[in-house]
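The chains carry the letters A, B and C, assigned in the order they are written, with residues numbered from 1 in each.
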Amino acid sequence: MARSPEPEAPATPTDVAATDAPAGFRVHLASFDGPFDLLLSLISKRELDITEIALSAVTDEFLTYLRELDGPDELEEASEFLVVAVTLLDWKIASLLPQGELVDAEDVALLEARDLLFARLLQYRAFKQSSGWFASRLEAEAGRHARSVRLEDRFRERTPELRWTTSLDDFAALALLAFTPREIPTVGLDHLHAPLISIREQAAHVVSLLRRGDPVTFRQLIAGADQKGVIVARFLALLELYRHSAVGFEQLEPLGELTVRWTAENWSDENLVNLGADYGQ
Amino acid sequence: MASETRTDTATETAPQLDGTDVESAPAGIPQGVDVARALEAILMIADEPQSVVGLAAGVGRPVADVRAALAALVADYDGEAGGPRRGFELREVGGGWRLYVRNEYDKVVLDFVHTQSPAKLSQAALETLAVIAYKQPISRGAIASIRAVNVDSVVRTLLGRGLITEAFTDSETGAIHYATTELLLTQLGINSLDELPPISPLLDDGSKGFDDV
Amino acid sequence: MASETRTDTATETAPQLDGTDVESAPAGIPQGVDVARALEAILMIADEPQSVVGLAAGVGRPVADVRAALAALVADYDGEAGGPRRGFELREVGGGWRLYVRNEYDKVVLDFVHTQSPAKLSQAALETLAVIAYKQPISRGAIASIRAVNVDSVVRTLLGRGLITEAFTDSETGAIHYATTELLLTQLGINSLDELPPISPLLDDGSKGFDDV
């Protein structure tokens, strides 16, 4: 498989600057041996299949590497690794999902999701690489010297007289204004998850079906659900009801049909009120 | 890119004085005085990059004349006008013109300057700065979704350094959008955002999906 | 990119004549480099008049050479060396050499300075002044972190207006700390800083975090 010949080998032709410190984190895996950055670039060029990389092995190696580091470097590398690892993980999940023929919209959505993650990885890399350009330019320019000298007295003395119009109280008010901590307002992310599906509402639906007494299969419970979110919410609702000892499960074989039975002895609909609170609903 | 607008408007709003108006223009230099000489006098006392428009207003001459005179001064100081290659040079940086010690003499002048260079930016700050530079104006939420981490403190650092500024606040979401400043251009030694190196072409494909996020 | 070209040329003509000499004489300029060019680089950024001895130490050349080079520069800028009579001149003032605006361009420069410094302080300048008044002595970095913007040019304005002054320079960080002047007290109509209206509650809370900055 793609063994890295030289750690210093340029990662991709799109490298803006040589940001890869030769002393950085290296990965040693069966299918790959080289710097972490190169691993990313190979994956992004699709020369290395993400499914062949054991993320847990990479993580273990990284933790070992971190133990030998000290101070701010460690924090920086650790947070960077987290960013990349999360992306890789997302991407890997998408890669592992079945890829049959593109028959239904759901499969297409999954493939799109995978491309989106792929794009995110590339985007992250692109900005990381360009930050190297910023660093080198900032450093180069910091060594330059612009003329910045005190205005000659003959000019300073003839600048227009300052017209001072601020009263003592106004001055204090200005100080108060300046010292007031500037809250950087936070942006709620709730709107990103619209439309919201309430676990509580879905639980009510599930309860109403189960309380009739007959066992119901999970397939029946989600019949008619037209959104993935609804299915997820009903599944979570079941888990919540199980926590309240309101339902029991029966599954004869792994991945087989899941049958749900109503087992609550004294259930009141008031129990529904707090249901799903852990999920922010 | 955003900077283009700046340059263009600058040219348009330039004072268009013709010779007869010089009397009424208090800032004008007398006829017969070389624009280049007046410009180098002004540049001698300026402590920030001076825009062509500001300089044109200062000497009371059309922008085109000032632009030509500046180009002549650059060549002059570079030793292309018969004189020596000076120990200083005229550079267009951060949207304006300013006198600098010529690169190869930076070491010589080191003992004579007392400016402390600001602390280096962290890798996180550099990456955030890169995101803002290429995607401005951009909200913190959008930066965070690209960087996949919380960027609040980094944004505060960049604001305090004057490298970015609040461009506008979205009236609907209340999200502040950030843009880079002229100071950043100056500190990068470039004159407009167009001079940023092209970012990976792959990004263009990838970024489409993120604008809506 | 424009800047790259500059760097390249710089490297080419860089004084790399004698590698060993560069190492051994950190302050000196290498053999073969024109003393006058190195001197004009230094003079370009020097705020105070520079003594001949100081300049000689800076370029690592005998005082006599430096004196001759200075005389040549004076003539050069005066237009006696074939070039134009510059908008600036090199003058010996109070035992030192400094670049000044040439007298005949005083009016142009003065007009320019007038447009640059309006009679009234801007809101940003007033707020920065208020911060300094209540938290003095305070470094520029600390002001910037309170105001969350870069305050360099505003501080320069306040210095130029004589409303603040450099109180001391931190020996460890090299950061200049600023304090207000008697002029500010006069403008505010008070006799001492004690008469500033208290804004303590907020200040106490807010200030804690800033001391470490």
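To be clear about the criterion, a contact is a pair of C-beta atoms (placed from the backbone, for glycine too) under 8 Å apart; a residue touches a chain by one contact, two chains touch by 3 or more.
Quantities reported herein were computed from a predicted structural model and do not represent experimental measurements.
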Point to revise | Chain whose Cα centroid lies at the greatest distance from that of chain C | key: A
Point to revise | Identifier of the chain whose CA centre is least distant from the whole-structure CA centre | key: B
Check your understanding: Rounded to the nearest whole Å, what is the centre-to-centre distance of chain A and chain B, using the mean of the C-alpha atoms as each centre?
Key -> 35
**Study point:** Cα-centroid distance, chain B relative to chain C, in whole angstrom
**Key:** 20
Check your understanding: So how far apart, in whole Å, are chain A and chain C when each is placed at the average of its C-alpha atoms?
Key -> 46
Review point. Which residue numbers or ranges of chain B touch two or more of the other chains?
Key: 44-45, 47, 88, 99-101, 103, 109, 113, 118, 156, 189-190, 197
Practice item. Name the residues of chain A that each touch 2 or more other chains. Key: 140, 145-149, 151-152, 155
Review point. Inside the complex, what are the residues of chain B that reach chain A?
Key: 43-47, 88, 98-101, 103, 106, 109, 113, 117-118, 120-124, 126-127, 129-131, 133-134, 139-141, 146-149, 152, 155-156, 173-176, 186-190, 196-197, 199-203, 205-207, 209-210, 213
Review point. What residues of chain A sit close enough to touch chain B in their complex?
Key: 14, 16, 72, 76, 79-80, 82-83, 86-87, 116, 118-120, 122-131, 133-135, 137-149, 151-152, 155, 184-185, 187, 189, 192
Exercise for review: In the complex, go through chain C and note every residue touching chain B.
Suggested key: 1-3, 6-7, 10, 13-15, 27, 29, 34, 36-42, 44-46, 50, 58-59, 76, 81-88, 99-102, 105, 108-109, 111-113, 115, 141, 144-145, 147-153, 156, 173-175
Practice item. Report the residues of chain A in contact with chain C in the complex, numbered from low to high. Key: 140, 145-152, 154-156, 158-166, 168-169, 171-172, 174-182
Practice item. Over in the complex, which chain B residues touch chain C? Could you list them? Key: 26-27, 29, 34, 36-42, 44-45, 47-48, 54, 57-59, 76, 81-89, 91-92, 99-105, 108-109, 111-114, 116, 118, 156, 159-163, 165, 181, 183, 189-191, 195, 197
